[in-house]
């Protein structure tokens, strides 16, 4: 029952990096407003903006044994995504594991649980999106699984899905959709440049999007 | 039923700016400890300190159509205050709307819902106090109202009320009370300078406020 | 019933400072994973890392009278630890009290309630770990106690216990255990240096901790 | 500043009783989906269904002095509505105060705080909708106000507004709107009887409300 | 993008009814401790114990249009499972929709949102497990989908999965696993009868499960 | 470090039963408004009212091994009180353990975690006050301790303390204070009978407690 899936596929690095540049809000829109993790997943420090292939981890409460197992599966550019079999705020991850993960080329951690040593992690430039910052120690007693399908903060994540994370939160893109989503995201970004310029000059959304007629027909009254 | 009230009155800009200087804690005290929004309303970045006239917005859940309507009503120095008809964490506002609002002279947004593109907003210097940071997209399908009375995070807000917001949270001052509250706030601030100096020299509050007798008569025992 | 205990013992300053250097996560581990306050206790600004002897305060809801009483009991290096008799988010503490506490040599405040003037507190370098940032004012009407045993955010704290607080949260060390905990913490820290170096070179925890055999015998399957 | 408003107007008892019969969900719909208190306000026991004129109470945290003041203002058919100046879960109200309120003809209590002696209250048939059940005692030290405008669980309540409460929650109707809202509610209830009969026979909402065309034109695909 | 999947497969009714008899806790254990919805999903009344095939619904916030669409897809013995595209507490479902669903043979509703008319629902014997009881009305403006894969309160649910719900909460069983899970559940139940009898006679778990040796070897000290 | 303390003292059964009769609210008041557990601790069914000597349990997250150890320590009239080393909602306790505990004379369980099989527990008449109802299974892998000092839902509990629990929540009385607290509680109860009769006749608290003068001198204005 407890398994480690090795040799997962990964999306094209150029596509992954493109999704990082697009950012969470744009990627979420580009794939039809799906894939967001719940808003309680917050970065431990501001300013990081990453994308990478998901190494998924299913771990027992307050037991971080599977993180060691997962780190062996990391390839450069991957992101660890950990959920627990039962809700937990324990501090599964700190500066030692971050050192190990960084040495393998890991870009960050998404964890629906707690993290600690957060100042060290910021100094090292290892970004984490978590449910809690909590120093509570963990054990290494009970097995979990690595690279099995999980549900993280309300979103389904499969190993090899592309994770995009920035100050707005975390979004997951199916590996097979990554190229299409990037194309849609880039189109959206290009389109926004023009709108931004028009807004900056003072043009109103009411006019830009031609909303006045519909507002009137829906019955909005100006008094 | 869905209305936009145009031409709202506004408090004197000098008074508004004075309230910004006084800050949330002092203004809240100066008006008899009233007017605070609930403590879950937090700034998306630290260091902003603003005051302005409220443009109120009542919006359906996950529908930001009325923000476009409200932006047309902005005059330089105003602050948008959005509540939803049903609790929502969706990301109603991002960098495009901020560009538009800034172009109209808007000073910030108070939103009892979610916001996104927060790094861009910080870069632009557009401060937001919100319930959530969340990239979840919104639609433009259902009408709401602008500049009607609302209740935001537990506080009643009318269009044209003065909103004061800083790292301590958000406080609302009735437009008609603004001058009196500023006077009381400035008196309080002046008074605090003397106290601060005495505290800094090591004088105790027990002595400064002559508390020892009352503590004794109330029965406090030193052991 | 309402009492102020004066003349509490304090741990050796060198030990206290050593615990500050070790930090919350290490100290928590070094004393057998005990003593953490709940994870909702967060610093009002990042980067502070302190330790000191606890001056405990039991205060009524939204009444900060006892803070004035407690400040008289401060000796240089102490930390105020306030809990309320009933849950409260009110802003018990702001820049004036911080000025007074700093003048007595206080190193910071741990408060299972609210705090305000947080920008001033950061400017002054007075760190606070709190449940809320909230400007709500308090009264000075009802007695509490100082230096009695309290339970703060789920942890028992006696006056003179050593409080350690940093970006990971807050941990309490019994005064009588402080020397032993420091010794264990320093051993742990020394031990971590070697591990960190090995991790940085790419060695896996699976090998460093010799986990492969146990994973296999517990039944982990690689597929 | 602390005031008791005496001699408030009240809606017609026949209208009030009609609103009780209509119930919270219907009344809320009948007045344009407004007036609901937040969903955390829950009945301490199931099955009560009441309406009455609001006696409003603004009380300090963990201080129930104003309840005694408010009880003197009760007329038969009134409902007490208490909010606190700062969030509190304390048990402001128990069997003694319920005995006193019942003797004055009070129909129930809406309290954005805690209540205790809940088994006695159920035995007495005194319904309460509250944020918490908590035995924490309160003091009688600090003034508040009675029959001033308040905001209770996110809804504005003025003294003399009609409160409607049942297992679905609590709704407030402006005193001046009560007759119109009742008329709309009764029309809605009458209308629902016919719909209920058709639904019971197996007719689908898709047909009853003629939705199929609009679903198709909006793009819903059946596969 | 918005689709209704018709003609979903369903598990054998005898197996479904067997899972209802086994109950949530036993079924959850029988399938390896998986499939539970989060603990905030609570029954609106106690004592119901059901199982049925899932009709899944993905609905916009505060918009219950898709419920009408879903009801047409119900076959006798089905259970509606509704999630929202953005968190919502609105009252999507009440006595009229319950009348309609009951007429189609629906056994109950699992809804990660709000429900209203709860006293009527209890009287009708229509059980609901929900996140909230809230009278807030909904609109019928925006499309969603029916019988697509959803994530409900942290658990993945596909149309035709077997839902088991009782006072302990809600558990989902993959349609293809239903027979095996029932077999395991019945074995577990049979096994528990013997244990229960031995516990009732006073035998200790320490002896029944032969735990004393392992406790000793792990280092438990009796003092 | 993991220990089981055997042979704990217990308060006089007559005193314990007297405290059960007095109930949580009265006992809490009688001991100076101390000893309450947080209000999130709720009974799984209404109507139980118990008191007994605490058998304390410190358990790892989602691991109920120590419950088996604790049950051996039960004497007739005891109450189990379980806390976890890290927050957990798992279902540590169900009908089998309840059967075992009942066979030893246990009166109930106070658990700052989850419980399951709640309908069976109600049928058996085994009351539980818990943080959650959740079927999530637990393991028996990691040691904890029995009859060591714990902090349960914010209150310190030592083995042999008297636990009082009813529909209002849970209160803890130090074993050495039990006789004095009972005396104070009985005095309070006797005193309340007279007050209740006077309130029932319509006498106001304002007169019974002679509050009018103090209200006036504090500045309350009647308008």
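The first chain written gets the first letter, and so on, giving A, B, C, D, E and F; residue counts start at 1 in each chain.
Convention: a contact is a pair of C-beta atoms (placed from the backbone, for glycine too) under 8 Å apart; a residue touches a chain by one contact, two chains touch by 3 or more.
These numbers were taken from a predicted model, which means no experiment stands behind them.
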Chains in contact with chain B and also with chain C, listed by label, are A, D
A CA-based fit of chain D to chain E gives a rotation angle in degrees, as a multiple of 5, equal to 120
The distance between the C-alpha centres of chain A and chain F, rounded to whole Å, is 43
When centres are defined as mean Cα positions, the distance from chain A to chain B in whole Å is 31
Per the C-alpha means, the centres of chain A and chain E lie apart by a whole-Å value of 29
Where chain E touches two or more other chains at once, the residues are 1, 33, 85, 87, 89, 136
Contact graph of the chains (line, ring, star, complete, other): other
Per the touch criterion, the pairs are A-B, A-C, A-E, A-F, B-C, B-D, B-E, C-D, C-F, D-E, D-F, E-F
As the complex stands, chain E meets chain B at residues 60-62, 85-90, 136, 139, 141-142
The chain A residues in contact with chain E across the complex are 1, 32-33, 38, 85, 87, 149, 151, 154-156
Chain F contacts chain E in the complex at 1-6, 45, 65, 67-69, 71-72, 89, 91, 94-97, 99-100, 102-104, 114, 116-119, 132-137, 140, 143
Note: in the complex, chain F contacts chain D through residues 23-25, 28-29, 33, 36, 39, 42, 46-47, 49, 166-169, 171, 192, 195-196, 199-206, 209, 211, 215, 218-223
